[in-house]
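Common to both upcoming complexes is chain A, partnered first by chain B, then by chain C.
Up next, the complex of A and B:
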């Protein structure tokens, strides 16, 4: 029943290197991510003992109590959207060139979803009652309850998907990584890497990928509904909200994936496995999705600017010419620059594709996406619904600290994973030459 | 790690039992959520937990398909 021990080829050796050796950079980044995460813990502590108002500094009668927290939640949910999506598409459409980065993408889902939940915990205001109250009193009519449903299902199903896709690697790596051998054998659950087992796993993963795609779309649609179903809140009540959020999530996720893959490629010197052509294809897709996003944004603001009701008029005015215009216009300019960087890198400079231009473009687009999330949440919340003066909101250092903490959590989770498990699918015996070529 | 081997029939039974359990749990939870007082949100407590747990446990089926070894494959 034991797996047949095979010769440790160069590719497998290379892919197991991060587990077998530890550099100084690893310790430094691990310490940094721990410090960052401690900022989240500190914000949590302050909010737990002093209340929501202490961390958001909410003092006016009208204010954006959801504030930065809600923008961060939508941002992380957006990133998590693409991970399993890329992996599922690679499996369903047989896109072999995406296979080496599927695990890195799946991890984005697995780490960014809990990061979003960390922020939801803060956003709720009473973190100690968060899970208990949703599970006990959650109402079917509440989008928050739908969100708890889809996040739980997506997270669990993604974990099963990742586990099944890793089971073979556990069995193979058990022989070559002595310090984690027992853990790998335990996780392999008797997997012996026979042809039948491999086929069964491939078939099951194919069906699971098919089921995961609609769940993935529902996760971000639900966040669109969280905003779009607010009938009384100007700027939010919009049937377009769910598809707009899904599109934003696709862009957000692909941009982050390009950055993460480029960093991993450089740090582990895995240029052979995470090829430039793969990143180029991701960039190409991101480029056209960004164009679609620009179109959606124009359509949204043209509609809102053309004889809007009083509430919408207030929100659009603050965004286009009011206090939020210093965020809106630079963000739009950066979005177009990011799009042009991707476009020219793919078309005009077709024969001289430059990786850093695509990575810089993706980074720019990611920053813009965060700014647009901020602009969806804050201006609408500041518009008074009762005869009060307009509200004021400036994110506090505690809120920014919590954001850094959530990023630290994701970085730390990646580090721990790469230290214990293979980051790229280990090749089959006959596959080594192809993968290494 | 030792995983007990079962017949293909037993494997199908385990999967079918999982499916029935999950669908019943999710269905009961959903019904409880629908029947809850919409104004005050009282009655049928923990229905949301049942609904979510039912949906989540459905995804144990792919795990059972791959991990449980049946005699036909050996």
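Up next, the complex of A and C:
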């Protein structure tokens, strides 16, 4: 191994700090995420042995056959959408300022996709046969087979992308972290950080980024298709569904990324590396995308409520004035408030940017996005086309618990990762001095 | 250990070869049928045949049903008989057949309004026939263009040669996308464990596991052996008729030629195989 043993510079030391030292907060959050995840395990246990019926969704023809779980799945897939996307875009468009947060973003993909798969496993009637049967008997006409394909391809490609972008860090950090030195050397696979190697990696990653972008769009389009292809479902059958889902995923992901970056920045005191300018740029993008989302939403509801066929009329009625209006109107109000918060903070009062306003706006938008997922999934399912009585659905505490469990999984995964691997790309020798904010 | 370095071209060559082999293996019925595997598959077929469910489809048949809504008195005997015949547990409610009680003058071709739902449309067991009501029995339509089959990720639900849309319960993973896709809401999901005593169970029909989807099979275990579906057999007013659509002199063809008929949700483009006629209007007129 011909790694030149450099002296441990200040920045590298700072970035490796979470690996080398463990605070009290770590234990607390780790315990919390474990407790949260155990809720998922409990819900899974109940369902596996007693059936999905305990979630009060027992009436098949009129109830919500896909309930809260489906909304959670779409939500997580949406978040996972952006991670690699940000990283790939940063590489393709040469956005250097995004460089420090690329890994945090990539991890969002890497952890939220499995979280979505966890929820799919929970939602499926026979989790023990789920993977095997889809692999053995999978049929090309089924949207779920498309989604299984794109999710696994996306997860696989993202893992490789993350690994390749981390290989240099393994080689560099191996000397400084005695605890994991052996693991790092194994993972570095003989990488020695020469100029040629670095260029080769950059080139490979560039091409991988180019491939990843269309995969990323396809993942969420397929989720749009899972809903949009059913001619027999009022409120779903809609060519608009795939682009709408992609846009929703972009917003969802960017909002989550802002929150995660702000938290990490605060917790690890990395204000120097995750500069405020970076978050500001993310926020600006989120702001205009939210405006687009508002426009899409208005377009959708104007179409649905002008001269709709009977089925659509019923669904839109339940959403706008019926049982779902207590969710819909506050959600729309919050979406507009979130947008305005971002707008004023990011663009109008440009000279006095406040971090917490952007983070609060992003949180608000994220909550709204979850509510709109819920409003896409549930109302259409409650209204069969034949004269069955209309169904009712209230998510049970078990279902919310499973959601918390999946969030706990993501938090725990982040914790474990940060404990073992460097969270931000270690600087090159030449660029040790990172510009402050 | 000194390993031979494999170049990129060589790597692709090997990859290509192995993929070709795999594909060939899949489509040439590999492994080839040896006497021992043949005996095993014969035993398997026999086992399934004794089960009664995997009866062999005959492509000379195309099963269809005609329901006379004018004659139907809403007694729900078909629901009950179906439940008993097909081992439908109590937790699946409504069972595979549902009989709607609708006010006269209301159509079912379109979506009922909120007002109609509040006024009419009950699915409960009530005393029938009632004045000013008519009855509409709904079940799986065994469509020729079934959306449930198209969306099934494992092929657990399939269109057989004789026109029946059936379920392979072993393949079903319980994703419920077929329930979502079916415009007739004909499919049921096993939310809870079935509680059936051994005496109740009809041995000709498999008892479904927790977490699978099920639906009307047109009593496949009966009709493929030349019997009528149970719901047709028990109907006291002969409102239900069952037969082979390919038989030009059969009962179904005759009924469809002699009567005006409609199908449910034709705009869904599923080409259902249940036709509704209003030949009778027997009891309805009596009360008017």
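Note that the second predicted complex is superposed on the first by the 426 of 437 C-alpha atoms of A that agree within 3 Å, B and C clash if a C-alpha of one lies under 4 Å from a C-alpha of the other, contacts with A are read in each partner's own complex, and residues count from 1 in each chain.
By definition in this document, contacts are C-beta pairs under 8 Å (C-beta built on N, C-alpha and C of every residue); 3 or more make two chains touch, one makes a residue touch a chain.
Everything quoted here is computed from the prediction, not taken from an experiment.
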{"item": "Simultaneous placement of chain C and chain B on chain A, clash or fit", "value": "clash"}
{"item": "Partner chain in contact with A:317 - chain B first, chain C second, else both or neither", "value": "second"}
{"item": "Touched partner set for A:38, first chain B, second chain C, both or neither", "value": "neither"}
{"item": "First, second, both or neither for A:238, with chain B first and chain C second", "value": "neither"}
{"item": "A:190 touches, of chain B and chain C: first, second, both or neither?", "value": "first"}
{"item": "Touching partner for A:363 - first (chain B), second (chain C), both, neither", "value": "neither"}
{"item": "First, second, both or neither for A:396, with chain B first and chain C second", "value": "neither"}
{"item": "Partner with the higher number of touched chain A residues, chain C or chain B", "value": "C"}
{"item": "First, second, both or neither for A:297, with chain B first and chain C second", "value": "neither"}
{"item": "Which superposed partner A:129 touches (first chain B, second chain C, both, neither)", "value": "second"}
{"item": "Touching partner for A:275 - first (chain B), second (chain C), both, neither", "value": "neither"}
{"item": "Steric overlap of chain B with chain C in the superposed model, located at which of 9-17, 45-53 or 63-71", "value": "9-17"}
{"item": "Set intersection of chain A contacts, chain C complex versus chain B complex", "value": "134, 136-139, 141, 145, 148"}
{"item": "Of all residues in chain A, those that touch chain B in their complex", "value": "134-141, 145, 148-149, 152-153, 156-157, 160-161, 163-164, 167, 185-186, 188-190, 196-197, 200-201, 204-205, 207-208"}
{"item": "Residue ranges of chain B touching chain A (in the complex, touch as defined)", "value": "1-3, 30, 33-34, 36, 38, 41, 45-49, 51-52, 55-56, 59-60, 62-63, 65-67, 69, 73"}
{"item": "Contacting residues of chain A [partner chain C, same complex]", "value": "50-53, 57-62, 65-66, 123-126, 129-130, 133-134, 136-139, 141-145, 148, 226, 229-234, 309-311, 313-314, 317, 381, 384-390"}
{"item": "Chain A-facing residues of chain C, complex", "value": "91-94, 98, 100, 102, 108, 110-114, 116-117, 120-123, 136, 138, 147, 150-156, 171-177, 179-193, 209-213, 264-265, 268-270"}
